[in-house]
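Chain naming follows the written order as A, B, C and D, and within any one chain the residues start at number 1.
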Amino acid sequence: MSISPDQHHHSKDSQKINVGIVGGTGYTGVELVRLLVRHPAVHIAALTSRTEAGTRVDAMFPSLRGLTDLKFTNNDANELANCQVVFFATPHGVAMKQARELVENGTKVIDLAADFRLQDTAEFEKWYGMPHSCPDLLAESVYGLPEINRAKIQAARIIGNPGCYPTTVQLGLLPLLEQQAPLIDPASLIIDAKSGVSGAGRKAEVSLLFSEASDSFKAYAVKGHRHHPEIAQGLKAMQSDTTHHQVFDKLTFVPHLVPMIRGMFSTIYVRLTEAGLATDLQSLFEKRYADEPFVDVMPAGSLPDTRSVRGSNHLRIALHRPNNGDLLVILVVQDNLVKGAAGQAVQNMNLMFGLPETLGLDVVPLMP
Amino acid sequence: MSISPDQHHHSKDSQKINVGIVGGTGYTGVELVRLLVRHPAVHIAALTSRTEAGTRVDAMFPSLRGLTDLKFTNNDANELANCQVVFFATPHGVAMKQARELVENGTKVIDLAADFRLQDTAEFEKWYGMPHSCPDLLAESVYGLPEINRAKIQAARIIGNPGCYPTTVQLGLLPLLEQQAPLIDPASLIIDAKSGVSGAGRKAEVSLLFSEASDSFKAYAVKGHRHHPEIAQGLKAMQSDTTHHQVFDKLTFVPHLVPMIRGMFSTIYVRLTEAGLATDLQSLFEKRYADEPFVDVMPAGSLPDTRSVRGSNHLRIALHRPNNGDLLVILVVQDNLVKGAAGQAVQNMNLMFGLPETLGLDVVPLMP
Amino acid sequence: MSISPDQHHHSKDSQKINVGIVGGTGYTGVELVRLLVRHPAVHIAALTSRTEAGTRVDAMFPSLRGLTDLKFTNNDANELANCQVVFFATPHGVAMKQARELVENGTKVIDLAADFRLQDTAEFEKWYGMPHSCPDLLAESVYGLPEINRAKIQAARIIGNPGCYPTTVQLGLLPLLEQQAPLIDPASLIIDAKSGVSGAGRKAEVSLLFSEASDSFKAYAVKGHRHHPEIAQGLKAMQSDTTHHQVFDKLTFVPHLVPMIRGMFSTIYVRLTEAGLATDLQSLFEKRYADEPFVDVMPAGSLPDTRSVRGSNHLRIALHRPNNGDLLVILVVQDNLVKGAAGQAVQNMNLMFGLPETLGLDVVPLMP
Amino acid sequence: MSISPDQHHHSKDSQKINVGIVGGTGYTGVELVRLLVRHPAVHIAALTSRTEAGTRVDAMFPSLRGLTDLKFTNNDANELANCQVVFFATPHGVAMKQARELVENGTKVIDLAADFRLQDTAEFEKWYGMPHSCPDLLAESVYGLPEINRAKIQAARIIGNPGCYPTTVQLGLLPLLEQQAPLIDPASLIIDAKSGVSGAGRKAEVSLLFSEASDSFKAYAVKGHRHHPEIAQGLKAMQSDTTHHQVFDKLTFVPHLVPMIRGMFSTIYVRLTEAGLATDLQSLFEKRYADEPFVDVMPAGSLPDTRSVRGSNHLRIALHRPNNGDLLVILVVQDNLVKGAAGQAVQNMNLMFGLPETLGLDVVPLMP
């Protein structure tokens, strides 16, 4: 097999952005490689893995054969020094240890873990079981949800890439919360969320085995999930009516595990206020997202399925009001590894470097 | 392969109950055969199918080879006349046409379709698109949920076997609604339900193909599902506090399709009243179901998965109160084809004939 | 959602090739749309469906939302007249009825069904149960396996796009059969092939339901499969040693159905001759395919999995000689809908129009 | 939930056989529990696990709730001393270390691992990487394939329970090899075998994760699988014509991994001799297995699927001769955890204790 001539990354084009990926053996890491290996403005300069240093990435992931001759390297400063941006696809706590040296040397940082998501360090410590090592950088960092923070992302040195569940919930509620008049009752908010198994990562755990997770369905983390405070923080931030800020602490979030590889489905239930009942919500959503390249407001009454976004950076939303009652049901689907992780990170990178926001993200969903 | 000596049904034992199954080629029909072929007190005397008359049932379903030499026959009166009980595993509308002749001849009827579920014929006509042909028999019939109607079932001639979703919801809420003091706010009730694909039946429809339903997740029937009025009817009936009866019309029910064959998972959200907050709900549930052979109240904080009931007639319940708030989250799992259909029908038959309620239903769940 | 700016097909660029797709609602049809909607040199001018005429294609396949505003049209001559090439993703027998009018008007034809695969019309009639309506066009047509017929394809008016199984078998054996000295014993050839369920098409058949095909495995068509004569024809044609031609009639081909959506795996068993045993087969394969953009000869001892080609036009081959014996085991994987159907058709189109062979086919496999 | 009255094991019935299970947390261990918890002649007296000692088995496997109140204990002599039979569902090498003490105390041993499968200790050491610690007991032990060794099993103290693949291959070939005249050419034997993922055990390995094994297919262990020497040994032993014994060393065995939980499918290819071509093979197989309770010879031309034996101890065989040629294709299906492991072990136990061979094994396959 010859190397395909359109694999531009093989030429160390001086005009290209050198990127590094720390933690290239997990699902978000290899998903970054899948997207970046075809990205026309990018050269993957470093891909690290403590355990696989020296191994060709296509020996571990044969899906990449013919697309790259990269080898995993150790995660050390030299490897990353000449990168203009470094993605951290690592466990929580790694990025915050390396971020300072990188940004001080002019390298931008996009963390796909949680180190730069929660602005409240006490909340971070409570949910992630470790102190935050660089609160000043955390304060500087930008939450990487482009549909909300586009301008800030363009100017940022450090991005906290959103969690998968929080992406679906925030984009599913954003048009409602931005309004001056409260359209919904925050205390009524219930999120019944469902994720494919890849959301749990590429970890050798019994509960994630095919023989355990296939042909079955269950809820998990009902007592409390790390994405809960991130959702609450995000919803508070997008409210124009500041009087309602506290009440999102009462939201209910129940995640479930679906026997599928990729895909995330959030069924969001919320009571409408009188103002909400008087609003054309379908129109509100369509207008809000009219210019967003990756947020698709489906026609009223649509029933999105997760496969409609398999492999792509799109997120689809459908609104329902059963029996024209006061309960709004918002259905949101995304690919947890793309818009829920690596695709959103590339979208952020494009913004940070002044590239077209959709560059390298024109993947058509794989159906069936 | 010899016929296993313990297949008692091959001898037309005069002490055994002759049963007929109308519609033996669908999933509920063949599931009835799976359970009844080993039932020690039963002889399957007739198994009908318009399209497969003359075919050996084990030619169509090789899983039954060595267990039965039954052939499908046409659904005519002669075949069923010498049966003491007839199960209808047919499309809606078949049982009500044949029920009168059967019961007048002394044959009991258990309908696994919807003909005898909704007591309000107007509701039946609205949701099933046909007039009810025997309102008098409907009035006489008993809703076959043994945990609620055990005594009535024992005396019944006609059983309306509950729908799969309604079984999970009613058993998930029963202990709460039977109390004198209202423990929950009915208007707050939200049921986010998930079913395996076999719940849609053995129908040649594109949307149910492996290539369509596998590796994906979606909601369906958000605008209204036939089980909605059945749930509302059931919840009203079990309330001791009659002042709350109407409000279950406002319940929200959103079903979803899971890429698994069997299994049903209902996540039920409901707000507790002050009385509810003051009640030891775990204890309430455990006491209510202490003597029920098939309802399992799991320890507080449990996370049931559907595979824990795969192939068995058990239904498991787990209670959660996230952050000790006023929202009760009730998780309910069952096998949609067993407790949700054929197993419950056999349980009803056992009651109707004075047999031990668990006879023939001692199947250990298949795990993994 | 805005239409992505890189969706070039929305502008009817005069330099672009107008393509038509007949039969756009099946899996090969919608897979052609997936690939062509991003193809930089192509404009989809017509997409036909008898049953869905008037429906937007993205209403039927929401995965295409934001990528196209095409509607299905009836399959009539006017729609296709201004196309420079028409793909037939139809049942067998459709393409041969329309091909003459198209090619006489200067439109090239690529048939993804079997009308132009078997040169022997008697064989065609035997296996497909219909007479061939245009033997002269069949004689003119070219079998669209680029790795063998590249030059002929470039000059062709009509392409018979290979079947999915035959593609794996022919490319798995090609380097062996082209040699002057016979390297293998043709009479020993056994092909144990496995396909994902999408290979059976988007047909509403009970045997293809999720509840039937999931969590199970079976062989099918053991008595004879339509791809058998196509394989035999292809293997004969590639032999340089004409004395062995007949013997491929004795090959054994047993297909199996795997509970996965996409993917095809052929395990090919063949006895080596003395000449075969004396040959460095790994090297032979690597050299033969060194310049082929889509055929990947993996390192000796590799174990390819089908997911390594999910969604891409690549086909991977690994060679094994257990215990260094005389039996060669050739493992071949492809995505049955891409290299096994639509991707290969686009590859053929690229060749027919003098485009770079890989244009529009740079999809990175989706893993996991 | 009350304990079902038919769970006889709760009463320490003095007439019941006390059984121990060493290694109760793996799939074969918990499958033994599934079968034995309902076995009318058995009381599970001990269930051991080093890692889970003290844990209730139904806390780990909620599918067993209501069926047993057993706790895991450490694997020590006292626990097992009062058992009449001990099953080892452990890694290779455990049973041979404990067997002597047990059998000398009168406890029978059934090993589901490989310690007592290969009579040639050199072969054992080569494939399992450890010396055999009790060659004398190995010599005494009986290979637990009832269809071949029924009488020996009845008299045995130690059973080597067959591997899953070897069970399918040996039962698929037995009627052919027992004949005086050689019916097949042993050198031509090719076994293309496919297993569900549970065959790899309940091990936390990345390659067995849902996200790795789902929606994909691959071969593995092509260079050599531990079941290869076991198959060769078994086939040699069943030959009446001793002149062919050696040649099974040349058999080819290629296992594959199927994305399903349970199920094993072996496609066996073998050339018929003149004597084989002259024999009515269908009749030969039917007669050979006419009295076997668990071996089902399907009608000629049948296409068995693995789900037809899901959860049951049945093994089904179908014979094919494509194009009436000299190649016999034998299709064999079983549930790898039942007839391929735990079910066969219970069958052996029944024989060892003079019980009806099918006792406790009357599970109807779960379909769909």
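A few points about this structure:
In this section, contacts are C-beta pairs under 8 Å (C-beta built on N, C-alpha and C of every residue); 3 or more make two chains touch, one makes a residue touch a chain.
Just so it is clear, the structure is predicted and the values come from calculations on it, not from any experiment.
Set side by side, the interfaces B-C and B-D show unequal numbers of C-beta pairs in contact, with more at B-D.
In this assembly, the chain whose C-alpha centre lies farthest from chain A is D. If you average the Cα atoms of chain B and of chain D, the two centres end up 36 Å apart.
Centroids built from CA atoms put chain B at 40 Å from chain A.
Between chain B and chain C, the centres computed from C-alpha atoms are 46 Å apart.
Within chain D, residues 27, 196, 198, 202, 211-212, 214-215, 259-262, 304-305, 307, 310, 368 each touch two or more of the remaining chains. Residues of chain C that touch chain B in their complex: 27, 196-198, 202-206, 208-215, 259-261. Interface of chain A with chain B (complex): residues 190, 192, 194, 196, 211-212, 214-220, 222-224, 250, 252-254, 256, 258-263, 265, 267, 269, 301, 303-307, 310, 320, 322-323, 325, 327, 329, 331, 368.
Chain contact summary for the complex, chain C toward chain A: residues 1-2, 4-7, 27, 30, 34-35, 37-38, 61-67, 198, 202, 214-215, 261-262, 289-298, 302, 304-305, 307-312, 314, 316, 356, 358, 362-368.
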